[in-house]
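Note that the chains take the letters A, B and C in the order they are written out, and that residue 1 is the start of every chain.
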Amino acid sequence: MRWFWIDRFEQFVRGTRAVAVKAVAMSEEQFDDYSPGYPVMPASLVIEGMAQTAGLLIGEMSGFEHRVVLAKIGKAVFQFPARPGDMLRYTATILDVKTDGAMASITSHIGDRLQGEVEMMFAFLDDRFPPGPLFDPVDFAEMVLAFGMYDVGVTPDGQPIELPPFYAQAQRDAEQGYPPTPSPVIASGR
Amino acid sequence: MAVTKDEVFNKVRTALVDALGVDEEEVTPQATMVGDLGAESIDFLDIVFKLEKAFGIEIPRKELSPEDILTNADYVQDGKVTPAGLAELKRRMSFVDFSKFESDPQVRNFSNLLTVGDLCRYVESKVGA
Amino acid sequence: MRFCLLDRITELEPGVKIRAVKRLRPDEDYLEDHFPRFPVMPGVLMLEAMYQASAWLVRQSEGFAHSVVILKEARNIKYADFITPGQELVVTAEILKQDAATTTLKAQATIEDRVAVNGRLVLERFNLADRRPTRAGTDPYLRNELRQVLSRLLPAAPK
(Lines give C-alpha, C1' and ligand atoms only; values in the text may rest on other atoms or scores of the structure.)
Protein backbone atom coordinates (compact mmCIF):
# COMPACT_ATOMS: atom_id res chain seq x y z
CA MET A 1 0.00 0.00 0.00
CA ARG A 2 1.54 3.32 -1.05
CA TRP A 3 0.89 6.27 1.18
CA PHE A 4 -0.48 8.75 -1.39
CA TRP A 5 -4.03 9.71 -0.59
CA ILE A 6 -4.44 12.44 -3.17
CA ASP A 7 -4.01 12.03 -6.93
CA ARG A 8 -3.64 15.51 -8.33
CA PHE A 9 -3.87 19.19 -7.45
CA GLU A 10 -6.53 21.08 -9.39
CA GLN A 11 -5.79 24.35 -7.68
CA PHE A 12 -2.88 25.56 -5.56
CA VAL A 13 -2.71 29.16 -4.34
CA ARG A 14 0.38 29.70 -2.19
CA GLY A 15 -0.33 30.22 1.49
CA THR A 16 -4.08 30.29 0.90
CA ARG A 17 -6.02 27.42 -0.62
CA ALA A 18 -5.49 24.16 -2.46
CA VAL A 19 -7.88 21.75 -4.16
CA ALA A 20 -6.82 18.14 -4.77
CA VAL A 21 -8.73 15.17 -6.15
CA LYS A 22 -8.64 11.52 -5.16
CA ALA A 23 -10.26 8.78 -7.19
CA VAL A 24 -11.63 5.94 -5.08
CA ALA A 25 -11.06 2.59 -6.80
CA MET A 26 -12.30 -0.92 -6.04
CA SER A 27 -8.80 -2.25 -6.64
CA GLU A 28 -7.24 -0.24 -3.80
CA GLU A 29 -5.76 -2.19 -0.93
CA GLN A 30 -7.97 -0.77 1.80
CA PHE A 31 -10.86 -2.66 0.21
CA ASP A 32 -9.27 -6.09 0.37
CA ASP A 33 -11.61 -7.24 3.06
CA TYR A 34 -12.98 -3.99 4.44
CA SER A 35 -16.76 -4.04 4.56
CA PRO A 36 -16.92 -6.90 1.99
CA GLY A 37 -19.97 -6.59 -0.23
CA TYR A 38 -20.30 -2.90 0.60
CA PRO A 39 -16.87 -1.30 0.38
CA VAL A 40 -16.70 2.09 2.08
CA MET A 41 -13.71 4.42 1.76
CA PRO A 42 -12.43 4.57 5.35
CA ALA A 43 -12.97 8.01 6.90
CA SER A 44 -9.42 7.81 8.23
CA LEU A 45 -8.04 7.70 4.68
CA VAL A 46 -10.25 10.59 3.60
CA ILE A 47 -8.77 12.50 6.54
CA GLU A 48 -5.28 11.54 5.33
CA GLY A 49 -6.03 12.90 1.85
CA MET A 50 -7.21 16.13 3.44
CA ALA A 51 -4.05 16.21 5.60
CA GLN A 52 -1.84 15.70 2.55
CA THR A 53 -3.61 18.50 0.67
CA ALA A 54 -3.32 20.92 3.58
CA GLY A 55 0.11 19.72 4.70
CA LEU A 56 1.68 20.29 1.29
CA LEU A 57 0.02 23.71 1.05
CA ILE A 58 1.48 24.62 4.44
CA GLY A 59 4.88 23.09 3.68
CA GLU A 60 5.21 24.97 0.42
CA MET A 61 5.00 28.27 2.31
CA SER A 62 8.46 27.61 3.80
CA GLY A 63 9.90 26.07 0.63
CA PHE A 64 9.40 22.72 2.39
CA GLU A 65 12.00 23.57 5.00
CA HIS A 66 9.61 22.80 7.84
CA ARG A 67 8.84 19.14 8.50
CA VAL A 68 5.05 19.25 8.69
CA VAL A 69 3.19 16.47 10.51
CA LEU A 70 -0.41 16.02 11.62
CA ALA A 71 -0.69 16.81 15.33
CA LYS A 72 -4.39 17.07 16.10
CA ILE A 73 -7.74 16.55 14.44
CA GLY A 74 -9.95 19.12 16.16
CA LYS A 75 -13.17 18.10 14.56
CA ALA A 76 -14.02 15.75 11.69
CA VAL A 77 -17.62 15.25 10.56
CA PHE A 78 -18.77 13.08 7.67
CA GLN A 79 -22.18 13.34 6.01
CA PHE A 80 -22.08 10.07 4.04
CA PRO A 81 -19.46 7.47 3.10
CA ALA A 82 -17.39 7.68 -0.09
CA ARG A 83 -17.37 4.53 -2.23
CA PRO A 84 -15.44 3.03 -5.16
CA GLY A 85 -16.15 5.05 -8.30
CA ASP A 86 -16.41 8.33 -6.41
CA MET A 87 -14.04 11.20 -7.12
CA LEU A 88 -13.27 12.97 -3.86
CA ARG A 89 -12.37 16.63 -4.10
CA TYR A 90 -10.52 18.09 -1.11
CA THR A 91 -10.46 21.87 -0.61
CA ALA A 92 -7.96 23.02 2.01
CA THR A 93 -7.87 26.53 3.45
CA ILE A 94 -5.09 27.71 5.74
CA LEU A 95 -6.53 29.23 8.90
CA ASP A 96 -3.35 30.21 10.71
CA VAL A 97 0.39 29.65 10.61
CA LYS A 98 2.69 30.20 13.58
CA THR A 99 6.35 29.43 14.21
CA ASP A 100 5.73 25.94 15.55
CA GLY A 101 2.60 24.84 13.73
CA ALA A 102 -0.41 25.63 11.59
CA MET A 103 -4.13 25.11 11.39
CA ALA A 104 -6.25 24.30 8.36
CA SER A 105 -9.84 23.60 7.47
CA ILE A 106 -10.57 21.08 4.72
CA THR A 107 -13.80 20.00 3.05
CA SER A 108 -14.39 16.90 1.00
CA HIS A 109 -16.90 16.95 -1.85
CA ILE A 110 -18.24 14.40 -4.29
CA GLY A 111 -19.68 16.46 -7.13
CA ASP A 112 -21.63 19.21 -5.39
CA ARG A 113 -22.35 17.19 -2.28
CA LEU A 114 -20.41 17.95 0.90
CA GLN A 115 -19.04 14.61 2.08
CA GLY A 116 -16.94 15.73 5.04
CA GLU A 117 -15.38 18.65 6.88
CA VAL A 118 -12.31 18.56 9.06
CA GLU A 119 -10.35 21.08 11.09
CA MET A 120 -6.79 19.97 11.77
CA MET A 121 -3.56 21.13 13.34
CA PHE A 122 -0.05 20.49 12.11
CA ALA A 123 3.20 20.71 14.05
CA PHE A 124 6.58 21.64 12.58
CA LEU A 125 9.00 19.05 13.93
CA ASP A 126 11.84 20.56 15.88
CA ASP A 127 15.24 18.99 16.29
CA ARG A 128 14.21 16.65 19.09
CA PHE A 129 13.43 14.38 16.18
CA PRO A 130 15.97 12.78 13.85
CA PRO A 131 17.57 15.62 11.94
CA GLY A 132 17.17 16.04 8.21
CA PRO A 133 14.24 15.93 5.85
CA LEU A 134 11.62 13.20 6.02
CA PHE A 135 12.06 12.52 2.29
CA ASP A 136 14.96 12.33 -0.12
CA PRO A 137 14.90 15.76 -1.84
CA VAL A 138 14.80 14.41 -5.39
CA ASP A 139 12.04 11.88 -4.57
CA PHE A 140 10.09 14.63 -2.83
CA ALA A 141 10.49 17.00 -5.77
CA GLU A 142 9.31 14.32 -8.21
CA MET A 143 6.35 13.55 -5.94
CA VAL A 144 5.04 17.12 -5.78
CA LEU A 145 5.67 17.54 -9.50
CA ALA A 146 3.68 14.36 -10.15
CA PHE A 147 0.82 15.76 -8.06
CA GLY A 148 0.76 18.69 -10.48
CA MET A 149 1.56 21.25 -7.82
CA TYR A 150 3.60 23.32 -10.26
CA ASP A 151 1.21 22.83 -13.17
CA VAL A 152 -1.47 24.82 -11.36
CA GLY A 153 0.45 26.47 -8.52
CA VAL A 154 0.27 30.28 -8.31
CA THR A 155 0.90 33.06 -5.82
CA PRO A 156 -2.19 34.87 -4.47
CA ASP A 157 -1.82 37.44 -7.25
CA GLY A 158 -1.68 34.83 -9.98
CA GLN A 159 2.06 34.44 -10.67
CA PRO A 160 3.19 30.84 -11.32
CA ILE A 161 5.25 29.28 -8.53
CA GLU A 162 8.30 27.06 -8.99
CA LEU A 163 10.11 24.29 -7.17
CA PRO A 164 12.11 25.85 -4.31
CA PRO A 165 15.76 26.41 -5.31
CA PHE A 166 17.05 23.68 -2.96
CA TYR A 167 14.85 21.05 -4.59
CA ALA A 168 15.44 22.31 -8.12
CA GLN A 169 19.18 22.11 -7.46
CA ALA A 170 18.84 18.60 -5.99
CA GLN A 171 17.03 17.56 -9.15
CA ARG A 172 19.76 19.06 -11.35
CA ASP A 173 22.52 17.46 -9.26
CA ALA A 174 20.84 14.07 -9.45
CA GLU A 175 20.68 14.41 -13.21
CA GLN A 176 24.41 14.97 -13.26
CA GLY A 177 25.17 12.21 -10.80
CA TYR A 178 26.38 14.52 -8.02
CA PRO A 179 25.74 13.63 -4.37
CA PRO A 180 22.76 15.37 -2.68
CA THR A 181 23.37 18.87 -1.29
CA PRO A 182 23.03 19.47 2.47
CA SER A 183 19.57 19.73 3.98
CA PRO A 184 18.00 23.16 4.53
CA VAL A 185 16.08 21.94 7.62
CA ILE A 186 15.88 24.84 10.06
CA ALA A 187 17.45 24.26 13.46
CA SER A 188 15.28 24.95 16.50
CA GLY A 189 14.93 28.49 17.77
CA ARG A 190 13.96 29.96 14.42
CA MET B 1 -18.51 48.61 22.96
CA ALA B 2 -16.58 47.35 25.98
CA VAL B 3 -16.32 43.63 26.62
CA THR B 4 -17.26 42.56 30.16
CA LYS B 5 -15.32 40.10 32.30
CA ASP B 6 -18.27 37.69 32.10
CA GLU B 7 -18.24 37.78 28.33
CA VAL B 8 -14.51 37.14 28.34
CA PHE B 9 -14.98 34.14 30.64
CA ASN B 10 -17.79 32.71 28.51
CA LYS B 11 -15.83 32.98 25.27
CA VAL B 12 -12.66 31.59 26.88
CA ARG B 13 -14.70 28.71 28.26
CA THR B 14 -16.20 27.96 24.83
CA ALA B 15 -12.72 27.98 23.26
CA LEU B 16 -11.41 25.57 25.92
CA VAL B 17 -14.41 23.23 25.64
CA ASP B 18 -13.91 23.08 21.84
CA ALA B 19 -10.14 22.72 21.91
CA LEU B 20 -9.82 20.31 24.83
CA GLY B 21 -13.04 18.33 24.66
CA VAL B 22 -13.75 19.00 28.35
CA ASP B 23 -17.18 19.70 29.83
CA GLU B 24 -18.24 23.26 30.62
CA GLU B 25 -18.42 22.44 34.33
CA GLU B 26 -14.72 21.55 34.37
CA VAL B 27 -13.73 25.01 33.17
CA THR B 28 -13.52 26.99 36.43
CA PRO B 29 -11.27 30.02 37.03
CA GLN B 30 -9.06 27.97 39.34
CA ALA B 31 -8.66 25.02 36.98
CA THR B 32 -5.11 24.62 35.69
CA MET B 33 -4.77 24.31 31.95
CA VAL B 34 -2.31 21.44 32.00
CA GLY B 35 -3.11 19.57 35.19
CA ASP B 36 -6.89 19.90 35.39
CA LEU B 37 -7.88 20.35 31.76
CA GLY B 38 -5.22 18.17 30.15
CA ALA B 39 -3.91 20.78 27.71
CA GLU B 40 -0.81 19.82 25.75
CA SER B 41 1.42 21.99 23.61
CA ILE B 42 -0.51 21.27 20.41
CA ASP B 43 -3.67 22.35 22.23
CA PHE B 44 -2.15 25.74 22.97
CA LEU B 45 -1.86 26.38 19.25
CA ASP B 46 -5.54 25.52 18.87
CA ILE B 47 -6.57 27.61 21.91
CA VAL B 48 -4.55 30.63 20.76
CA PHE B 49 -6.15 30.47 17.33
CA LYS B 50 -9.65 30.24 18.77
CA LEU B 51 -9.05 33.13 21.20
CA GLU B 52 -7.54 35.29 18.47
CA LYS B 53 -10.61 34.67 16.35
CA ALA B 54 -13.13 35.11 19.19
CA PHE B 55 -11.69 38.39 20.45
CA GLY B 56 -10.01 39.86 17.35
CA ILE B 57 -6.67 40.04 19.17
CA GLU B 58 -3.17 38.81 18.44
CA ILE B 59 -1.46 36.52 20.92
CA PRO B 60 2.31 36.44 20.43
CA ARG B 61 3.67 33.07 21.53
CA LYS B 62 6.07 34.50 24.11
CA GLU B 63 3.27 36.14 26.08
CA LEU B 64 1.75 32.78 27.05
CA SER B 65 4.77 30.48 26.68
CA PRO B 66 7.90 32.01 28.20
CA GLU B 67 10.25 29.22 27.08
CA ASP B 68 12.93 31.77 26.32
CA ILE B 69 13.03 32.77 30.00
CA LEU B 70 12.86 29.17 31.24
CA THR B 71 15.80 28.13 29.07
CA ASN B 72 17.96 31.20 29.69
CA ALA B 73 21.08 30.47 31.80
CA ASP B 74 20.78 33.93 33.37
CA TYR B 75 17.35 33.10 34.71
CA VAL B 76 17.59 29.41 35.62
CA GLN B 77 20.04 27.57 37.87
CA ASP B 78 19.96 23.90 38.88
CA GLY B 79 16.47 23.55 37.47
CA LYS B 80 15.15 26.47 39.50
CA VAL B 81 14.18 29.93 38.33
CA THR B 82 16.42 32.62 39.88
CA PRO B 83 15.07 35.84 41.46
CA ALA B 84 16.05 37.66 38.26
CA GLY B 85 14.15 35.07 36.24
CA LEU B 86 11.11 35.43 38.49
CA ALA B 87 11.18 39.20 38.01
CA GLU B 88 11.27 38.65 34.23
CA LEU B 89 8.36 36.20 34.41
CA LYS B 90 6.29 38.59 36.50
CA ARG B 91 6.98 41.42 34.07
CA ARG B 92 6.02 39.34 31.05
CA MET B 93 3.04 37.59 32.60
CA SER B 94 1.47 40.04 35.05
CA PHE B 95 -1.84 38.18 34.81
CA VAL B 96 -0.40 35.12 36.61
CA ASP B 97 -0.21 34.68 40.40
CA PHE B 98 3.35 33.49 41.02
CA SER B 99 3.17 33.33 44.84
CA LYS B 100 2.90 29.54 45.07
CA PHE B 101 5.50 29.03 42.34
CA GLU B 102 7.88 31.35 44.18
CA SER B 103 8.00 29.01 47.19
CA ASP B 104 9.45 26.26 44.96
CA PRO B 105 10.35 27.73 41.58
CA GLN B 106 11.27 24.48 39.81
CA VAL B 107 11.20 24.89 36.05
CA ARG B 108 9.34 21.63 35.70
CA ASN B 109 6.47 22.96 37.84
CA PHE B 110 5.97 25.93 35.59
CA SER B 111 3.86 24.29 32.93
CA ASN B 112 1.14 23.52 35.42
CA LEU B 113 0.89 27.09 36.66
CA LEU B 114 -1.44 28.66 34.14
CA THR B 115 -5.09 28.65 35.19
CA VAL B 116 -8.26 29.45 33.29
CA GLY B 117 -8.48 32.62 35.38
CA ASP B 118 -4.99 33.65 34.25
CA LEU B 119 -6.01 33.19 30.64
CA CYS B 120 -9.12 35.32 31.20
CA ARG B 121 -7.06 38.08 32.84
CA TYR B 122 -4.65 37.96 29.90
CA VAL B 123 -7.50 38.35 27.40
CA GLU B 124 -9.05 41.12 29.53
CA SER B 125 -5.75 43.03 29.36
CA LYS B 126 -5.84 42.76 25.58
CA VAL B 127 -9.44 43.83 25.10
CA GLY B 128 -9.58 46.38 27.91
CA ALA B 129 -12.31 44.63 29.90
CA MET C 1 -7.00 -9.03 5.60
CA ARG C 2 -4.41 -6.30 5.37
CA PHE C 3 -6.57 -3.37 6.29
CA CYS C 4 -7.59 -5.01 9.54
CA LEU C 5 -5.35 -2.98 11.81
CA LEU C 6 -5.82 -5.00 14.99
CA ASP C 7 -3.82 -8.17 15.74
CA ARG C 8 -6.15 -9.48 18.41
CA ILE C 9 -8.81 -8.37 20.87
CA THR C 10 -7.80 -9.12 24.46
CA GLU C 11 -10.96 -7.95 26.26
CA LEU C 12 -14.47 -7.18 25.19
CA GLU C 13 -17.19 -6.24 27.66
CA PRO C 14 -20.37 -5.81 25.60
CA GLY C 15 -21.98 -2.44 26.05
CA VAL C 16 -18.94 -1.16 27.92
CA LYS C 17 -15.41 -1.42 26.60
CA ILE C 18 -12.85 -3.18 24.45
CA ARG C 19 -9.09 -3.67 24.49
CA ALA C 20 -7.06 -4.76 21.48
CA VAL C 21 -3.42 -4.82 20.44
CA LYS C 22 -1.53 -4.05 17.27
CA ARG C 23 2.16 -4.41 16.68
CA LEU C 24 3.65 -2.09 14.08
CA ARG C 25 5.55 -4.53 11.88
CA PRO C 26 8.68 -3.14 10.19
CA ASP C 27 7.53 -4.59 6.86
CA GLU C 28 4.21 -2.75 6.64
CA ASP C 29 4.58 -1.30 3.18
CA TYR C 30 3.13 2.18 3.75
CA LEU C 31 6.09 2.83 6.07
CA GLU C 32 8.27 3.20 2.97
CA ASP C 33 6.37 6.39 2.15
CA HIS C 34 5.72 7.50 5.74
CA PHE C 35 8.37 8.53 5.95
CA PRO C 36 11.26 7.27 3.85
CA ARG C 37 13.79 8.56 6.39
CA PHE C 38 11.68 8.26 9.53
CA PRO C 39 9.24 5.35 9.42
CA VAL C 40 6.37 5.90 11.85
CA MET C 41 2.76 4.81 11.96
CA PRO C 42 0.60 7.40 10.20
CA GLY C 43 -1.65 9.25 12.64
CA VAL C 44 -4.74 8.40 10.64
CA LEU C 45 -3.99 4.68 10.96
CA MET C 46 -3.87 5.11 14.74
CA LEU C 47 -7.29 6.71 14.36
CA GLU C 48 -8.37 3.81 12.13
CA ALA C 49 -7.24 1.31 14.77
CA MET C 50 -9.29 3.15 17.42
CA TYR C 51 -12.27 3.21 15.05
CA GLN C 52 -11.93 -0.52 14.26
CA ALA C 53 -11.74 -1.46 17.94
CA SER C 54 -14.78 0.74 18.61
CA ALA C 55 -16.68 -0.84 15.71
CA TRP C 56 -16.07 -4.37 17.00
CA LEU C 57 -17.29 -3.34 20.45
CA VAL C 58 -20.41 -1.80 18.93
CA ARG C 59 -21.15 -4.78 16.68
CA GLN C 60 -20.70 -7.39 19.38
CA SER C 61 -22.64 -5.31 21.91
CA GLU C 62 -25.69 -5.13 19.65
CA GLY C 63 -25.35 -8.69 18.32
CA PHE C 64 -24.44 -7.42 14.83
CA ALA C 65 -27.90 -5.88 14.52
CA HIS C 66 -26.55 -3.41 11.95
CA SER C 67 -24.35 -4.65 9.14
CA VAL C 68 -22.64 -1.33 8.49
CA VAL C 69 -20.83 0.54 11.30
CA ILE C 70 -18.80 3.52 10.08
CA LEU C 71 -16.98 6.52 11.49
CA LYS C 72 -19.20 9.59 11.38
CA GLU C 73 -17.28 12.01 13.60
CA ALA C 74 -13.95 12.30 15.34
CA ARG C 75 -13.22 15.00 17.92
CA ASN C 76 -10.06 16.20 19.64
CA ILE C 77 -7.89 13.42 18.27
CA LYS C 78 -4.56 14.45 19.73
CA TYR C 79 -1.27 12.85 18.78
CA ALA C 80 1.29 12.81 21.58
CA ASP C 81 3.85 10.34 20.38
CA PHE C 82 5.17 8.65 17.26
CA ILE C 83 4.97 4.88 16.97
CA THR C 84 8.05 3.26 15.48
CA PRO C 85 8.35 -0.23 13.93
CA GLY C 86 8.41 -3.00 16.52
CA GLN C 87 6.31 -1.13 19.07
CA GLU C 88 2.99 -2.55 20.22
CA LEU C 89 -0.05 -0.32 20.47
CA VAL C 90 -2.78 -1.08 22.99
CA VAL C 91 -6.06 0.27 21.68
CA THR C 92 -9.01 0.80 24.01
CA ALA C 93 -12.48 2.21 23.59
CA GLU C 94 -15.38 2.81 25.96
CA ILE C 95 -18.98 3.51 25.09
CA LEU C 96 -20.13 6.88 26.40
CA LYS C 97 -23.63 6.98 24.96
CA GLN C 98 -25.78 5.45 22.28
CA ASP C 99 -28.98 6.22 20.42
CA ALA C 100 -30.90 4.48 17.64
CA ALA C 101 -28.41 5.44 14.94
CA THR C 102 -25.12 6.41 16.58
CA THR C 103 -22.72 5.39 19.32
CA THR C 104 -20.30 7.81 20.99
CA LEU C 105 -17.05 6.41 22.38
CA LYS C 106 -13.94 7.59 24.12
CA ALA C 107 -10.88 5.89 22.60
CA GLN C 108 -7.15 5.86 23.06
CA ALA C 109 -4.00 4.05 22.03
CA THR C 110 -1.09 3.61 24.37
CA ILE C 111 2.48 2.33 24.07
CA GLU C 112 3.80 0.97 27.35
CA ASP C 113 1.29 3.03 29.36
CA ARG C 114 2.09 6.28 27.53
CA VAL C 115 -0.88 7.68 25.66
CA ALA C 116 0.06 8.04 22.00
CA VAL C 117 -3.34 9.25 20.80
CA ASN C 118 -6.76 9.79 22.31
CA GLY C 119 -10.08 11.33 21.43
CA ARG C 120 -13.77 10.92 20.92
CA LEU C 121 -15.47 9.01 18.11
CA VAL C 122 -19.05 8.85 16.89
CA LEU C 123 -19.95 5.73 14.93
CA GLU C 124 -23.03 5.47 12.73
CA ARG C 125 -24.91 2.16 12.51
CA PHE C 126 -27.29 1.11 9.73
CA ASN C 127 -28.50 -1.72 7.56
CA LEU C 128 -28.41 -1.54 3.77
CA ALA C 129 -32.08 -2.56 3.83
CA ASP C 130 -32.87 0.85 5.38
CA ARG C 131 -31.07 2.91 2.75
CA ARG C 132 -30.88 0.76 -0.36
CA PRO C 133 -33.73 -1.76 -0.41
CA THR C 134 -32.25 -3.50 -3.47
CA ARG C 135 -29.17 -4.34 -1.41
CA ALA C 136 -31.09 -5.78 1.54
CA GLY C 137 -29.73 -9.22 0.69
CA THR C 138 -26.20 -8.06 1.43
CA ASP C 139 -26.91 -7.39 5.12
CA PRO C 140 -26.81 -11.07 6.18
CA TYR C 141 -23.72 -11.60 3.98
CA LEU C 142 -21.90 -8.72 5.65
CA ARG C 143 -22.95 -9.85 9.11
CA ASN C 144 -21.60 -13.32 8.48
CA GLU C 145 -18.30 -12.08 7.01
CA LEU C 146 -17.76 -9.71 9.91
CA ARG C 147 -18.64 -12.34 12.54
CA GLN C 148 -15.95 -14.56 11.04
CA VAL C 149 -13.38 -11.77 11.20
CA LEU C 150 -14.30 -11.13 14.84
CA SER C 151 -13.93 -14.80 15.72
CA ARG C 152 -10.38 -14.68 14.34
CA LEU C 153 -9.60 -11.59 16.43
CA LEU C 154 -11.37 -12.86 19.53
CA PRO C 155 -11.71 -16.65 19.46
CA ALA C 156 -13.68 -16.66 22.69
CA ALA C 157 -16.35 -14.28 21.33
CA PRO C 158 -19.86 -15.56 22.01
CA LYS C 159 -21.42 -16.27 18.60
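Rule of thumb we're sticking to: contacts are C-beta pairs under 8 Å (C-beta built on N, C-alpha and C of every residue); 3 or more make two chains touch, one makes a residue touch a chain.
Keep in mind the model is a prediction, meaning the values are calculated, not measured.
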Top chain pair, ranked by number of contacting C-beta pairs:
A-C
Chain with the smallest distance from its CA centroid to the overall CA centroid?
A
Quick check: how many Å separate the C-alpha centres of chain B and chain C?
36
Please report how many Å separate the Cα centroid of chain A from that of chain B, as a whole number.
33
So what's the Cα centroid distance for chain A and chain C, whole Å?
25
Can you tell me which residues of chain C touch two or more of the remaining chains?
75-76, 78-79, 119
Touching two or more other chains - residue numbers and ranges from chain B
19, 42-43
Would you please write down the residue numbers of chain A that are in contact with two or more other chains?
71-72, 74-75
Under the touch definition given earlier, write down the residues of chain C that touch chain B in their complex.
75-76, 78-80, 119-120
Under the definition above, what is the set of chain B residues touching chain C in their complex?
19-21, 40, 42-43
Interface residues, chain A side, partner chain B - complex:
71-72, 74-75, 95-96, 98-101, 103, 121, 123
Where on chain A does chain C make contact in their complex?
1-4, 29-38, 40, 42-45, 47-48, 51, 69-78, 81, 129-130, 132-136, 139
Which bits of chain B are touching chain A when the two form their complex?
18-19, 41-43, 45-46, 48-49, 52, 61
